[in-house]
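Below you'll find the structure, written out as structure tokens, and then a few comments.
Residue numbering begins at 1 within each chain, and the chains themselves are lettered A, B, C, D and E in the order written.
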Amino acid sequence: MAQRESTFVNMVVVLFLISAIAATALAFVYQATKDPIQKSKFEKKKQAIKNVVNDFDNNPIEEMFKIPVEGGDSVECYPAKKDGKIVGYAVKTFSKKGFSGLITVMVGFDPDGHIHKTAVLEHHETPGLGDKMQRNKSNFSKQFDNMDVPDIPDKDNDGIIIEVKKDNGTVDAITAATITSRAFCDAAERAYNAFKKIKK
Amino acid sequence: MLKTFPKGGIHPPENKITADKETVTLPIPKKVIIPVSQHIGAPAKVIVKKNDKVKTGQMIAQSNGFVSACIHSSVSGTVFKVDNIPDAGGYKRLAVVINVEEDEWLDTIDRSEDIIKEINSDKNEILKKIHDAGVVGLGGATFPTHVKLLPPKSMKPEVLIINGAECEPYLTADYRLMLEKSEELLIGIKILMKALSVNKAVIGIENNKPDAINKLETLSGNYDNILIAALKTKYPQGGEKQLIKAVTGKEVPSGELPVKVGAVVQNVGTVFAVYEAVQKNKPLIDRIVTVTGKYLSNPGNFKVRIGTSVKELINTAGGLPENTGKIISGGPMMGRALITDNTGITKGTSGILILSEQESKRRSIKPCIRCAKCVEVCPMGLEPFFLMALSRKTLFEKTENEGIFDCIECGSCSYICPSDRPLLDFIRLSKKEVALIRKAKRIK
Amino acid sequence: MSKLIVSLSPHQFGSNSVKKLMFGVLIALLPTLFVSVWYFGLGAITIIVTSVLSSVFFEYVFTRFLLKKPSTISDGSAILTGLLLAFNLPSNLPFWLVIIGAFFAIVVAKISFGGIGSNIFNPALAGRVFLLISWPVQMTSWPEPSPLSKHLLGYTDVTTGATPLGVLSEGLRSGESATKLISRVPDYLQLFMGNAGGSIGEVGAAAILIGLVYMLMKKIISWHIPVSILGTVAIFTGILWFANPDKFADPLFHLLSGGIMLGAVFMATDYVTSPMSKRGMLIYGVGIGLLTVVIRVWGAFPEGVSFAILIMNAFVPLINMYIKPKRFGKNKR
Amino acid sequence: MNKLKIFTKGFFSENAVFVMLLGLCPTLGTTTSAINGLGMGLATTFVLVMSNIVVSLVKKQIPDKVRIPAFIVIIASFVTIVELTMQAYVPDLYDVLGLFIPLIVVNCLILGRAEAFASKNNIIDSVLDGFGMGLGFSMALTMLGAVREILGSGSVFNIKIYEGDGALVFVLAPGAFIVLGYLIALVNRLQKRKSI
Amino acid sequence: MEYILIIISAIFVNNVVLSRFLGLCPFFGVSKQVETAAGMGGAVVFVMTVATIVTYLLQKYILISFNIEYMQTITFILVIAALVQLVEIILKKVSPSLYQALGIFLPLITTNCAVLGVAIIAVQTEGYDLIKSTVFAIASAIGFALSLVIFAGLREQLELSDVPEGMKGVPIAFVTAGLLALAFMGFSGIA
């Protein structure tokens, strides 16, 4: 079979056919992967919540509600329940005080106000410095595990409880990354303030 | 503040060993070799043949074209041969060899020591006499003087600048001349001013020659419109364009003649030759040559007949030292290394410099560290390191835009380079290549 | 008569050599060396010795066996790179990091390009920035300085402090006023003498200025680069300070703190990586000054001199291409 | 050319990255670790093989003048398929590779092979070519990723090799350029030695 | 202020070439001379801006409204390819001089992943609106042009120096790019 001539009709027909086939094929693949994609996104979020609160059996993502915080923003709050009983809250909080851009953190609370665990969701901090707030990179975030927030004294009476030691708080800052440490505390504090509102 | 050119320049050790040595007249040699091309331009046409008898001062080759100069016999005797003889650089060139017999001068030449102040010749006569006497620039460039005195009609000379800078280390010929022949110089200047119809002349002298400045300053009181400018000692102060800039503050545009800014420059040696040509009818048959070098036993300034062999001159100065490495015709910065001492003094020989082997050795070339010292010292505002880099990678065309033809080859860049890179060598190479490329283009 | 040597003019050469120039710079660095040892003691000595020795070693090995060229260590440029690298490091840096830094400086930033004269970026600074990005924690913990008389050849105090610029940068981010912050760092006389935290060679403006005067006198460098850098920093920070003294520190603070002095006098003036023409040098200097202030005031790094110089190093070929020296006989347009 | 040579030339003598310098953006952008490099390499290989197959099958049907747009549509379709599939089944890798997955479409390697090889050869050779080139590309990416991971984080394929942090630079942009530069120099050297 | 941040970020902090690894083929391919680099830079500024505007509109008014976002890759690349052709034809007719200057670079731009990359970043990753997308595209392209011209200057200088045999050409170009990227890291944190 010889090469098809480059006549106008041929070109249009061929291109159209190829595009049509491609579009059909893609539509098919899209349909086939739609549910798995949804599911994997959902699982990811659920995993993030699971990482920071006690074991639950409900679907916190469906029960998510928003809590307004200072500055006109709001944070997302995911209640975790087991057998219909609240076993904790995961608060998706943030801080704008980071070195470069927004830091998003998931903070899990036990019903009594203890922080259960924390997990950094997104950040753009300096590699090797600020990114040490991630759990797998240093022990910094482990300080927040089981932190008894209501019992922390506010030494300098500035109304802020979760602070680094430099600011009269209790948290050891990451070496050479005080700013990121402060931002992390800021995010946790924001989550705690939101949590207090839930409790009311 | 002393006048000088504003950009670039270096200050090498002056080494003016012979500054205090009065000029000594060298005995007449037994044989002279007189090349017919001792000037820039067309070689002169030989008008004598073998076995002809010639007198001292007799013309033996005639100017052959507008830019050319006449050649005269510097001795009396018999023409031994007219032949191609290797010159100082080793190239064979046409020369007249004369065996000396007696010292019989042409009667037209006034050989007395009397100073003739009165200028009787008019402008045209002056020009003709200069032409007939074969006067060329004695600073080293050897450009025929009468041509320089006839600038293109569109440009009008305004000032005559006399180059007494003698910025090359070691050389003292001009200095001695200024001290010993001050009066003649001033008359020569007057003659040139008349020839050029300018009413201002400035003698530029570097301030490492205070006696010369003082003497000329005192004497110039008797002459109108001749000024002395003391210049800062800086090489290449004697470069034509640099001197004009230093004295007048004007810059000769790239690729133009100095007369574009109204300046005509003549070397002091030339001025003296003009004096002799016009007032004494004496053609250019001798000149003052500094024979110098740190290891020479009797360095000095000598009045030498053109054509005398370098060997004879060196012998008078104490003979060639054991450790001789280089014999240089001219100064250490722009002079040419001779391949043999068996060659004649020409009109352009301002000095013979003997360097020891130690001094002659070039140090090994190290990588360019881009210190920019060559850019700093280049009096023409070029970037020698860049020209060399381009030329090393054979990107010759590019050097044209970088102003390679503005280079006056003063050697300041090679002198200053801490990595001992032969910058000027590569610039010369590129100049040659670009000239070839230009020529090829023209042929197309 | 032995054979005459024939070569093209010139026949006489200056007494300058690369070696002389490099050792000239080394001499100019002596006061700074003294200050750094005075305040940082044995730590400084360890770093300097490690850095110089490993730089020379890498230079020798890689030129001889990889480039297969004759060794260039005798010209002193590797010693200089090593010393300048050391001056840009904190005095308690582990010695193996110093060796890695020297490796990067000499092998990656210099020998890979062809050795002395061919490199594009300042090797010492490339090494320093490489270390800073790679090991930010170790590179930003600064031991407190204490005069030699106090620590008597012991290692410097383990307590680490912040550099004046670090204090400023961090404080401003948490909303404190510049005036208040400056009162917390050593006063200007202390900064001038070198009694402040920082890299071992960047403290002590006085010693660096002595070196500058020496190099200017010996005509090793010209004034253009240091003056244009320092001038630009002074003017730019002056304007900012004038506009809002609460948010910006005053020019004198900026000039005396951090590595600006060391950078302007010894790093930016590196022959190989700076422009060739005087006007080019001025543009280069102004660029470094502006970038330094921009990075210091708005960037993530409290100190920006190293980056500013490296960035302007990259502009040098363009500067050389378009900013030519004024040619004789070419009219100004 | 025999089949073996068609298959193996992409490994070394015509390696896309080290020799032909094709597909540099994903090469540098995704090789922060060996596993990421491998992932990107395999994704590219898939697209390369599939587009080679399709192009080789339909080559006679496509008029010359619309060759390039047609190829682009074919390639883009497979890229989208890879994109959706990865999103569904390996979401973590998808997140890491991010922007560079849709950018496979402008990887000159793929269009280059379609144009230079598949449109001129039969299907079996085209598959072999695609596989060879793709594996060579994957190999290069894995190698680069491994070196960067070792130097930058002290591990390879997430297995710790030495204690402590590596030189972070190698995980970041500057390190990518520098490591690739030296790898290319090394490959050049080896190749030269081989040819002598 | 927001726009200034976008501009600074796109030119210096997240430079397309030195930090995002986009457009590397032309970055290494067309950087041997400053003049051609500047020409390429100009062409990219032009195409990238137009491409981002067109793809933005396409995404917003067609792909999203018809819920066929999965067609993004395929439509974007076709739009860019068509656009480059169109620009070439128009330039040829309207401004032959500009065509002369940019003409040879235009076909190369189709496979410049920076164009597609920036379009995707603008409409998807960052989710900018039309004006921000345009500003972002122009700034990114300027960032590309800037790094390209600097790099070309560096390579021209390297041509004149004695790079060791093994490092000559591509390897030293990469190392240089790496050091340049290292220097540009100084801008981090500005925006």
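Assume contacts are C-beta pairs under 8 Å (C-beta built on N, C-alpha and C of every residue); 3 or more make two chains touch, one makes a residue touch a chain.
All figures in this text were calculated on a predicted structure; none of them were measured in a lab.
Colleague: In contact with subunit C and with subunit D at once: which chains are those? Just list them.
Modeller: Correct list: A, E.
Colleague: Specify the chain with the shortest distance from its C-alpha centroid to the centroid of every protein C-alpha atom present.
Modeller: C
Colleague: Going by C-alpha centroids, which chain is farthest from subunit B? Tell me that one.
Modeller: The most remote chain is A.
Colleague: Rounded to a whole Å, what is the gap between the Cα centroids of subunit B and subunit D?
Modeller: So the centroids are 70 Å from each other.
Colleague: Distance-wise, how many Å sit between the C-alpha centres of subunit A and subunit C, to the nearest whole number?
Modeller: Here the centre of subunit C sits 43 Å away from the centre of subunit A.
Colleague: Subunit B to subunit E: how many Å between their CA centres?
Modeller: 60
Colleague: Measuring from the mean C-alpha position of subunit A to the mean C-alpha position of subunit E, what distance in angstrom results?
Modeller: 32
Colleague: Do you know which subunit E residues sit against two or more other chains?
Modeller: Those would be 70-71, 74, 161-162, 167, 172, 175, 179, 182, 185, 188-189.
Colleague: What parts of subunit A, by residue number, touch at least two of the other chains?
Modeller: 22, 26, 30, 99-100, 126, 128
Colleague: Which residues belonging to subunit D are in contact with no fewer than two other chains?
Modeller: Within subunit D, residues 69, 73, 76-77, 80, 84, 165, 168-169, 172, 174, 178 contact more than one other chain.
Colleague: Mind listing each pair of touching chains for me?
Modeller: Every touching chain pair, ordered by label, is A-C, A-D, A-E, B-C, B-E, C-D, C-E, D-E.
Colleague: Considering the complex alone, what residue numbers of subunit E touch subunit A?
Modeller: Within the complex, subunit E contacts subunit A at residues 68, 70-71, 74, 188-189.
Colleague: For a test of understanding, state which residues of subunit C touch subunit E in their complex under the given definition.
Modeller: Touching subunit E from subunit C are residues 66-67, 108-109, 111-115, 117-118, 120-121, 126, 129-130, 133, 291, 294-295, 298-301, 304, 306-308, 310-311, 313-318, 320-321.
Colleague: Which of the residues in subunit A come into contact with subunit D in the complex?
Modeller: Interface residues on subunit A, with respect to subunit D: 1-7, 10-11, 14-15, 18-19, 22, 25-26, 29-30, 33, 36-37, 39-41, 44, 127-128.
Colleague: Please give the residue numbers of subunit B that touch subunit E in the complex, ascending.
Modeller: 367, 389-390, 392-393
Colleague: Report the residues of subunit E in contact with subunit D in the complex, numbered from low to high.
Modeller: Interface residues on the subunit E side: 18-25, 28, 70-74, 76-78, 81, 110-113, 116-117, 120-121, 125, 166-167, 170-175, 177-179, 181-182, 185.
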